[in-house]
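Heads up, the next two complexes both have chain A, just with different partners, chain B and then chain C.
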Partner chain A sequence: MLKLQVSGHSSPEDSEQIQNELMRRAKRNERITFLLPFAGVLALIVLFTTLTGGQFLSVDNLKLLLNQCFSMEIVVIGGAFLYAIGGLDMAIGSVMALSAMVITLLFNAGLSLALSILAGIAVSVGSMCITAFVRNYLKVSPFIASMCVMNICQGLVLTIVAKLGVITFAYSRAAWIDSTLTKILTLVIMALLGYVIFNYTRFGKSLRAIGGNERAARISGIKIEKCVFGAYSIMGFALAIASLFSVIRGGTADTSIGNGMNLNVMTAIVLGGFPLSGGANAKFHAPMIGALMVTILTNGLGLLGYANSMGYAIKGLLFVTVVALTYEKSKGKLIS
Partner chain B sequence: MKRLLAMLLSVAMVLGLCACGSAQPKETEATQAATVSAPVVQDDSGNSIGGYKIGFFYLPESDGLSAQYHRALDFCAELTNCEMEYYDMMNWSAEDLSTAVETLIANGCQGIIMITGNSPALFQYMNEKGVYYTGMTRSYTDEVALVVDGSEYNCGWLDENSGMNVDMGYGVTAALAEKGCKNIAYVAGAPGNQMRDDRVLGIEKAAEEFGMNIVTSYRGSDFASGAADILATHGAELDGMVGSINGDVCIAAINSAGYADTIKYAQIDAPSAEETESYFRTGHIDAVTAGNNVFIVQSYMQLFNALSGADRLFNEGNRVYPMIPNFIVSDEEGWQSTVKYTAGDVPALTPDEILALNSLYTPDTTVEQKEALVEKYCSSEYWNLDSIVARVKDYLGEN
Partner chain C sequence: MENELLIRCTDICKNFGATRALINTNFELYRGEVCGLIGENGSGKSTLTSIIAGVQGATSGEMFRNGAAYAPANMVEAQKAGVAMIVQEAGTLPTVDVASNIFVGNYELFRKHGFLDKKRMLQEAERILQEIGADDIHADMMLGDLNFEDRKIVEIARAMYLNPEILIIDESTTALAQKGRQLIYRLITKMRSENKGIIFISHDLEELETVCNRITCLRDGVMVGNLEGDQITVANMRPLMVGRELQGNYYRADYDGTVSDEIVLDVRHITSENGYIRNFSIQLHKGEILGFGGLSDCGMHEIGRMVFGLDRYITGEILHVPSQRKIKSIQDAISLKMGYVSKDRDNESLILNASIQDNTLMAAYKKLERMGLIPPDAEKKLSDHQIEVMRTKCESGEQYVNQLSGGNKQKVAFCKWLAADSEIYILDCPTRGIDIGVKAAMYDLIYRFKKEGKAIIMISEELPELIGMSDRMIIMKDGEISAEVMRDQSVTDTQLIEYMV
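For the complex of A and B:
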């Protein structure tokens, strides 16, 4: 509680003092919010390194960590743009599955990898833009719209699988994609591009303005509809890239691709300190740190010999704790 | 301040949970009802055979079938002086499957039973890490074949294409036909998976042969909703239903819809042992398959043969080996015998039958003779509930 001696009526000096105190507290909270996820990751690294006798930081395990967090990291890079406008989306996993299906079918049919990937991107972006269209012009909640897209994509994948049976990716023709170097390069390039676009372009700033207050953003001249399409398109692009690596890792294109990704992304977003409703406090790096935290937790507990179910329990506890203490209740409902 | 406390609390929680158990994976438990005994076999250097760590990933033990698998594998591990490491699958995405295998290998597993998974990248990883693996023919795709064929670490593939899954679907549907069902529905997993598709093929084949009418069906992942929809729209005209699912959601749906007295129900994979017995008693279930755990023993022995340097069975060509089939149980008494003598602490195969597959324990028989023994295990004359119960009772000294 702010304690100040205020006599009778407040003077300009008192007002300035209150103002400075509030600013100081706001900056301190911002620093803590910024540092907290990093501190969390560091604490987990130290903890698991100690408990596993150094095995956690071995080269082999670091490669495993990269494999295990890669798809989620790529998805949350796109997710940063989507969640900056408060776009809670349930279709992420299904869109990934459909994109993986398209890439696999075309690549297996003899099309070049590049064209197959482009087709997958087109399908993925198109699917996500359905939600954007419904949000912008039909004024339906994006959460509801995304559930419809989820069903559409899932239905298409199931129909294709029912007709064609098991669809395996031609791994022998593209095994190099699964290499550590390819993954590191892809992740670094996408992260850098995403960081620059999110923080240093008008588009990125507009997204956060929309998430903060859409009406104010519209009044200030921001083209809401275009920015929304942009955010969903970037998410679609990220999903297509993630789906390619997932289908190579998984071997077959079916509904198992992207299964559970919706909740994983949401967990990563929240644990990283990224506000679910978006806005000015949305930091690009936050979901990536959150995704890393989730993966470290799963990997570390696995190395300690605990069943995966234990990891879910701990992740759930962390999720509830972080949401309860960091969610801005004054912003209103979680789902707009 | 509150956020800092939250972080510290979270770290404390993690520390507390980690301190709850040992850092080492739990050891396998000795069987209680049966004394697992095997002669101590030594290699040329005088060291006891065994000491290997074998990994297995499946649903948590709260699932009835998973519990059977765990018991069977623990039995085999105890018998052969080895250790099992389990990874509970909460989600079956491609990523989770790869994570499961990678984690098991990181924890020192020298062999993995691949109950599913057809990622060439994963098999390549196991080859590179020198980890032995065995799987089912559902995993043996053309792309996987390019990676595993000729690999030292490939311990073979259980032959699902022999029609076992078709027989399972056929058997439970035939059991309903014997009970007078004419208009049936079925609930099964989404198409595109060989096991699921074969089971549905079996159901449809039996329906055609026995003159049953398949009124409707559901194939997807939300079994509860699928069953509820079927019953809401066609419940009044149905007299039978088949579930190619786990758990008891169909039973619950039939009960909730008020059709427990009019619709007979058969399920391929039985719910838990206790629940199935109760459902047989109350008439909520009319037929299930059993003996679903035995193939896991076959997989284990394929791995153990390779790890121990013993003669490897079915090691030619594609390395596909026959799968011991299931059998149908359609009454409470049969189920009680099944639970006690095939799915309890003794997994339907006695120690002698299991060790007869390893040349270090039974050096007097050739590879061909051992392979013929497996074929014998697969025959209906040898593999039926009465014969199994008799053999296990004899082993337990209950005769």
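For the complex of A and C:
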């Protein structure tokens, strides 16, 4: 009565074998994606060590490397939270500059370091929350909003510099901050805290859900607005901390602080294998590995005698290449 | 002429990552055939038709059309070769007009001195819309202004304008209500009389029984059977799809519609923001399956959204009676242990690009929290438990939802509220576009909810399911209740349709 007509010539055993092979390949791809950034760091180290005849691994250079990568590592710890919701932001660099300016002015005026830092954090978090506010309630793309915040902060810094001239941080009163120990401690504490919040709290998980599908997240009871403010605030906090170390190292508070940070952070995010649109594939360690790669690249190119400007060009090129290679174009818009 | 071959596919294989969607599939379509393609979700129906329509390429295998090798690189090429498809999910562009949507990808047809002859394009679009019988849609309307159903009709127009010899209809009828359905049937009859071929994918087996003259069934990517002539009956199709005999009671078996007097939700005089629903009141009881039926624009979906706090209402109140609290936002609803399964699964229920576990636990994190932290082992335990309860077909909880079939995705959408221990479920088209195997599991689950004293609002466009499951049916028309029908063996579709239109 029923005419059963099984097509296909493969036997069940064949079929199972093919299935296993396909599974193995999928697993392998997953592993490669995970390991690729680490391999990248290693490859860069080997490359520059060879090219510089070992100079790259000298104690002096490693110290320099720590100093160079320190600010960026702190920034990308915050960046992981922001980019988990796909919050592409162009104001990072100038918010840092403004925060450094506030800390320096207050500290130079005789305020305690702790209070100055608190003020810096307040200003930085406040600036970032402008973007969060615009995103939440005015429904404007946060990318556009961040452009405006960038201009606001830059304008403020330039105005103050124009009025007061060169502002130098009172280094002697807080020299201990510039030590390797302080930096390593700060970095370790922030990275650990960030890791726990990102992976083991409702807030961290909610951020990735928002990055994945905001509507579904809202319907599942996630308080989108609150989480967005949270993400931007953490970014602001990290920026303030990074700005303190930057101004102490650089000496003066001006627009040079945070210069190039926007591209650096984006490159770090992408090189580390962190999706720019955020979501479940966002791993906390990825931007940190990426930041290390960016710094090694900058440092190595410097050692080889290529001017800073050339470094920008190379980083820009690298950014576009990696985005083109890794970004899943079908999945949605890069800038939402 | 009569048995002339329209298309032949031999040994088609298609892999998606580790998933084998099609395994050495052979398929033929002859002139004058209306071939119903059946199979459970994830059996490969859509994959096969999308390969034929040029949406994607096969991993291996060959296709022949009119004796020559046929390998379309995209849908436009396939259309030029006389193969057109009306797709399962809306693929229209909302921000341009109807005519531009119909001719998208083929604007060169209206080329005039290097510019687009917009006037001719509008005329042509108007003509096609007339031809398929959609004279209330006009070529210059903005697509975004049309409702879901009319947008599907625009897609039909798009598929028809090059006069295809092979038309593929992919689950369209689950998305189309009465008007579009009639339109499709007319098209099918016309094409059949012109000796063309149609491939029709639908989960509505009764519909296939009346429309098709051949049925082909896929299971797990393999072609498992063909039905022709008298063999085409629903009774023959079901076991072919599932691979085993299904038990008799598909819906719940009892006809006892009595429920407790205890009211859980009291909806009092609510009015929707756009004023379409006015002064609406309804009460939901403990252990009740309250069915909402009607045409898709009757307002029943909006009621579900308002009750869950998703859409605002401008008058009245929704009271959770046991706690005497009012529901004004999603947060209120969830804290009162309400769950909502959206009609728009991929956009509103799930994060496709995230794991089953992430999706399952999205509404349950509060419950898992210990001193502000969420222990990973508790997460895995809860998620794995839900996968087991629902018998979700997957590798593990870490598998991404976008790799699952429609039915299994819907299971995950349900799991989310099970994991959150919901007591009141608002289910908007809970079995939309899923196959009978998973459907039966859903009905089972909903009935179990009822037995456990949970309250369920089931909004559905499928009348047999409403009649089969509800304790009480609310039939709506134009934003108002047109009838309230209690559970009874004698209730029929035709009776209810009277109240709907």
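FYI, the second predicted complex is superposed on the first by the 297 of 336 C-alpha atoms of A that agree within 3 Å, B and C clash if a C-alpha of one lies under 4 Å from a C-alpha of the other, contacts with A are read in each partner's own complex, and residues count from 1 in each chain.
Going forward, a residue touches a chain if its C-beta (ideal position, glycine included) is under 8 Å from a C-beta of that chain, and two chains touch if they have at least 3 such contacts.
The shown structure was predicted, so the numbers you read here are calculated from the model rather than taken from an experiment.
In the superposed model, A:26 lies in contact with chain C only, and not with chain B.
Residue contacts after overlaying the shared chain place A:17 against neither chain B nor chain C. Of the two partner chains, chain C is the only one touched by A:213; chain B is not.
Taking chain A as the reference chain, the count of touched residues is higher for B when chain B and chain C are set side by side. Once the two complexes are overlaid on the shared chain, A:249 sits against chain B while remaining clear of chain C. Residue contacts after overlaying the shared chain place A:49 against neither chain B nor chain C.
Of the two partner chains placed around the shared chain by superposition, chain B is the only one that A:178 touches, whereas chain C remains out of contact. When the two structures are aligned on the shared chain, A:222 is found in touch with chain C, with no touch to chain B. The touching residues of chain B, when paired with chain A in their complex, are 2-4, 6-7, 9-11, 13-15, 17-18, 21-26, 60, 85-100, 102-103, 106-107, 117-122, 124, 141-144, 146-147, 190-194, 197, 219-221.
Across the interface of their complex, chain B is touched by residues 32-33, 36, 39-40, 43-44, 47, 51-52, 55, 60-61, 64, 67-68, 71, 158, 161-162, 165-172, 175, 178, 246-252, 254-261, 297-299, 302-310, 312-314, 317-318, 321-322, 325-326 of chain A. Interface residues of chain C facing chain A in the complex, by the touch rule stated above, are 11, 15, 17-20, 23-26, 222-228, 231, 236, 240, 308, 310, 330-331, 334, 340, 342, 347-355, 358, 361-363, 365-366, 369, 372-376, 395, 400, 416.
Those residues of chain A whose C-beta lies close enough to touch chain C in the complex are 1-10, 15, 18-19, 22-23, 25-26, 196, 200-202, 205-206, 208-209, 212-213, 215-223, 279-281, 331.
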